[in-house]
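Lettered A, B, C and D in written order, each chain numbered from 1.
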Amino acid sequence: MGKLFAVVVVLITLVSAAIFASHIWWLPVDISAHGPAIDRQLSETMVTSGALFVLSQLALAVFAWRYGDRRDGRKVTAFPGGVTPMVVLAVVLVGAEILALTFVGSKVWAGIYQAPPDPNSLQIDVQAEQFAFYFRYPGADGRFGSVHPERIDEASGNFFGLDPANDTTARDDIVVPTLGIPVNRPVLLTLRAKDVNHAFYVPELRIQQDFVPGLVIPLHFTATDTGKHEIVCTQLCGLGHYNMRAYVEVMSQPQFDQWLKERAAEQ
Amino acid sequence: MSRTTTQPSPPQPARTGIWIAIGTICMSFAALTSAMVVRQSGAPDWRHFQLPSLLYVNTVVLLASSGTLEWSRRRIAAIPGGPGSLVPPLQGLFGLYITLALGLLFVTGQVIAWRQLAAQGLFLATAPSSAFFYVFTALHGVHVVGGLGGLVYVLSRLRPTASPGRPAPLGAAALYWHFMDGLWLYLLVILATRV
Amino acid sequence: MTQTTAHHHAPPQGFLRTHVFSLDHKVIGKQYLDLALVAVCTGMVLSWLMRFHLAWPETPIPGLGRVSPTGAAGGVITPEYYLALMTMHGTLMVFFVLTTAPFAGFGNYFLPIQVGAEDMAFPRINMTSFWVTLVAFLVLVAAFFVGDGPPLSGWTAYAPLSAVGKDAGPGQGVGQTLWAVSITLFCVAQLLGALNFITTTLDLRTKGMSLARMPYSTWAWFITSVIGLIAFAVLMPACILLILDRVAGTSFFIPAGLVISDRLQPHSGGSPLLWQHLFWFFGHPEVYIAILPGFGIISHILPVFARKPLLGPRVLITCLVAIAFLSYTVWGHHMFLSGMNPFSATLFSVPTLIITIPATIVTLLWIGTIYGARLRFTTPALFCLGFVSVFVSGGISGFFLAQPSIDTYLHGTYFVVGHFHFVMGVAAMFGIFAGTYFWAPKMFGRLMSETLGKWHFWLTFIGVYCVFMPMHYLGLAGNVRRYSAFTDDYLKPMIPLHRFITIAALFTGAAQLIFLFNLVRTRLRGPKAPDNPWEATTLEWSTTSPPPFDNFGGRPPVVHHGPNEYGGNSAAGDYVMQASPDSAGVA
Amino acid sequence: MRRQYVWIVGAMGLVGSALGARGAPPAMAGAISGKVTYTGTPPKMKPIDMAKEPSCAKQHATPVTTENVVTGPGNALGYVVVYISAGDPGSSAPSEAVRYDQKGCQYIPHVAVMQVNQPLEIYNDDQTSHNIHPLAKVNPEWNKSQPIGAPPIHTTWEKPEFIPVKCNVHPWMHGWFLVLTTSHYAVTGEDGGFSVKGLPPGTYTLTAWQEQFGTQTQDVTISGTETKTVDFVFKARAY
């Protein structure tokens, strides 16, 4: 029985580890400026904790194989050196690992969420609602119209609750359901939620942030490669949660300008 | 391993239980207080209002009840042979009845204070300040009512007809009741300074 | 001493007093376990439905249409019904299984016996605690049958989705209110329970039962009660505020200017993050409420079958206390991306990572205990070894999620689902299984079938790895959790893996029927069990199987030894019972 | 636009047959016909980008627009419901169901008119799950999902009410259920034209309703089989 347990545990461990290592299911190619740091942090953690995983499972397997009761009157033997060295070793090793991870990791985190946005980054207003994202560009005047929740009227496409009648800055605001951004230019999103909690998640951009009703949350990043990717909601928001998505289109600057001009014409 | 494990004095589960309950109740109100602080910070809709002066009268009533309870507890504890062994002197029991009455008076007073606020148009949903006021006072009130129940139980155990054996947990009940005072004073300060 | 431990109530007469409204902690413990059994079966069926829907979204499930005409017209699960199933699954499992079974159930039955008491300190409060839990359970289940359906905001019930009422969609009406009421009641019940556990441990220990001599399971239940005392004391007021937001029009968690279903909500100034803080201040310790009793049970059982003292018992206790303390400093790691001040992320990340130190040490203690042992591979022993394996697997993935930078990518994906199912779901279940197989002889006076038990272990052990390990792969590929279907382009390629998980889940679930059958058969007509079938040392094995009404037949035992005296040689064999006056030397 | 028009005709056809089914209208039956137009500049209808729902997006060669103010040549105003609001004794509901489709992530027709207690059938013709959420106030409000291939939803409304309908999953989807007591009503097409038939002699109040511009009423007296001509003019604002 002990031998069987050992074999099963070893098999499970090796198969699991092999699939992790083979990257069959793995992160999509990163297209963000900050992404490589996250990926590095992830793979470092993967290596160290992977080793920990394999070692402890193997130890379990070996001991189970080795120390079955054979009714041979063999006396039990204590763990060599007793508990103290083991505890010290664990504290030192795990402690060191933690220090290393925190030291590097908190820098990475700070670089994404604590660093101030680039002053000349492109600002886009994002509203999440059940169950879609809408994006607002300031338009020709470069200024966002103020939002009035009581004016929100989806039937006429007024998703943000603009007041073009009285607020001239709102008239040229461009509201679209697709996030178009220029490549290699810092982008600053201001996230606002219309109804409940939502989240902004683009795996390729290695970025994720909740929308919180009542708060306007800044989020900034720089896309380093053109292409079209999905923006999905990762915060349970109701029955349509699974279908709450939009696309982010990373374009070259001229393409982007053209795209924005066309959208402006449609408003 | 040591073999000497006998406790110096026989433990009183009722007392221990009350101490633990006190810890929990403190935790609950601590949570509510922090909620209040968070909710008040940068909330445009916070509305300050005058506490009904009746609350201070109620405070006096509650403190008085604690006094009478402590007085009768001492009297009963003073009986040779400890509580439960003899029929306690009438004054002792009398003190407990007074405590009971004052406790009821306090609860009634709190309800009247609510009515006064409601008369001013301050209801649960009027403003976060009023909401917290009602929540705090209501939760405290519920705990006081629980304490009254405890006192009734103790009284039933102190009756001469009560089964001998375990002593009536008068000490524990008194401890809880005094804690209700302390808790109320704390809440009063919080409410007076914040709402 | 005898005065305080003197039995508070005479042996009851009649069926009702003996088996239903009993004050006997043993009966109450069994009632908790039975409640957990009902809850876990329900929860498992719900997870089957979810898994089936994820694998084959448009295939009707026969009969389901009749069970829920609105939720699954024609047997096809609607998105809102999927979320309702998920919410109920989470709530049932976390509250009514992982909290009731290992803590309230086994704790009620064995804590008093293990400390040599005749009953809990407050039998009436103890009974109340169970019946309030039962009412809470019924209230929750009632949510399945209300007009606009069961709640769908998950077991975390994030406001404002959970607070604004029916405008937020189906299931957010009466159902969500019932959820909040149920959880409030549950908190009350668990507070009463914890009160009893702590008092009993402190005051009702028999002669010679010093803290140092308490069995590790008792220690774990004691520490868990302390955690619960604080955690549930915070969740209860939070739930009350949530209920007020829903029914009384207050705005604790609902900010101004929300437009939901084209209606401007009549609220102002509330803070959604406040709910998250209050909830997770409870929610993270709750994870340890679920798993620490497992720690205790494993540390209690492993030495019995290793025939060897547990390695470093004092270290174990220290680690448990450390974990309990740290569990209150880490709640924010659930909220790295919630919009709370990003600077606080590091503050919450560090203690989260530090918790891995005591956790690692405990694991090493178990593995070190196996070293040089004479393992007897009984079913409970196998589940102990399995526990260590799955706990390691689940704990390791915590390394990733504890780091804000990596959480930026993995948060809200199946990686999280795989992580917590391993570490608190499966691990805790293995603890429960180990406990059941180990204590069944004592609780029912009958031995469970070893053959069936071993089949149950192997199928379950392999099964859970097939179910939950792949979820980590899905998470790495960015597969979002709590989705009722995978319509996104980048998620479609993962459906085959989801199908594999579903098939594995169905088989693993089916394997549990073996356990059910074994359990029922044992309780009805299993072979009679001796008083100490496993040659264990603790007090529950010094009395009859099952124990008499007052546990020790009116003669409270006197303790002479610690719980850990295995591997020596004494009159009894290679172990010395706690209650035996014999002071034989121990290796 | 075309497609909706066809549907309106279809809906009106249904009504017509309904009238026929309940025994031929009285021998002496007049009618009211006319045209609904606007003055001023109406708001520009915004194009709807269905990028979120590819299965719907690919059904529309030309981008569809919002339909809260539908205009036609000659300042014609579409989707105006013209009905007898007073003077009609009312009639029992026809048994024929009004069909309401979700197709290409649009409600077809945009405005569905039905009588109190007249059966309503809601179909999901799309390869995606919709949820139908009539924001009723007088009648009971409900909110149900209709997954791909799910059976149609059968329902009725017990009280007269103008009910906005929305799909939470696709926020741009907005329509109307107009629940009337009378069987004499018409919905204007792109040309703004309408015709309310089968009116026995009498004095009626004719009401025209437009979802954004509100209602207008005129009193009409019908004698004999004449066909009165009544026009409505709404004042439009750009914002």
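We adopt the following convention: a contact is a pair of C-beta atoms (placed from the backbone, for glycine too) under 8 Å apart; a residue touches a chain by one contact, two chains touch by 3 or more.
These figures come from a predicted structure and were not determined experimentally.
Trainee: Considering only mean CA positions as chain centres, point out the chain farthest from chain D.
Mentor: If we average the C-alpha coordinates per chain, B ends up farthest from chain D.
Trainee: Quick check: more C-beta contact pairs at C-D or at A-D?
Mentor: A-D
Trainee: Round to the nearest whole Å and give the separation of the Cα centres of chain A and chain B.
Mentor: The answer is 49 Å.
Trainee: So what's the Cα centroid distance for chain C and chain D, whole Å?
Mentor: Computed from C-alpha means, the inter-chain centre distance equals 55 Å.
Trainee: Averaged over CA atoms, how far is the centre of chain B from the centre of chain D? Could you give it in whole Å?
Mentor: 65
Trainee: Could you tell me the distance, in whole angstrom, between the mean C-alpha positions of chain A and chain D?
Mentor: Roughly 45 Å, centre to centre.
Trainee: Going through chain D residue by residue, note those that touch at least 2 other chains and give them in order.
Mentor: Counting only residues that touch two or more other chains, chain D contributes 128-129, 131, 145, 164, 166, 168.
Trainee: Counting only residues that touch at least 2 other chains, which ones in chain C make the list?
Mentor: 78-80, 169-170, 256, 261-262, 270-271, 485, 487
Trainee: Which residues of chain A are in contact with two or more other chains?
Mentor: 129-130, 154, 238-240, 243, 245
Trainee: Help me check something: in the complex, which residues belonging to chain A touch chain C?
Mentor: 1-2, 5, 8-9, 12, 16, 19-20, 24-28, 37-38, 41-42, 45-46, 48-50, 52-53, 56-57, 59-60, 63-64, 67-70, 74-80, 82-83, 86-87, 90-91, 94-95, 98, 101-102, 105-106, 108-110, 112-114, 129-130, 149-150, 152-154, 161, 194-197, 199, 201, 203, 206-215, 217, 229-230, 232-243, 245
Trainee: Spell out the residues on chain D that touch chain C in their complex, using ranges where they run on.
Mentor: 128-129, 131, 133, 135, 141-151, 164, 166, 168
Trainee: What does chain C use to touch chain A in their complex?
Mentor: The touching residues are 78-80, 83, 152-154, 158, 160-161, 164, 168-170, 172, 254-262, 264, 270-273, 306-308, 311-312, 315, 337-339, 342-343, 345-346, 349-350, 353-354, 356-357, 360-361, 363-365, 367-377, 382, 385, 388-389, 392-393, 396-397, 399-400, 403-406, 408-409, 411-413, 454, 458, 461-462, 465, 469, 472-474, 476-478, 480-490, 494, 497, 566-567, 587.
Trainee: Which of the residues in chain C come into contact with chain D in the complex?
Mentor: The contact residues of chain C facing chain D are 57-58, 70, 73-74, 76-81, 148, 166, 169-170, 261-263, 485, 487.
Trainee: Which positions of chain C touch chain B when the two form their complex?
Mentor: These residues of chain C touch chain B: 1, 3-4, 6, 8, 121-122, 191, 194-196, 198-200, 202-205, 207-210, 212-213, 229-230, 233-234, 236-238, 240-241, 244, 248-252, 256, 268-271, 274, 277-278, 281, 559-562.
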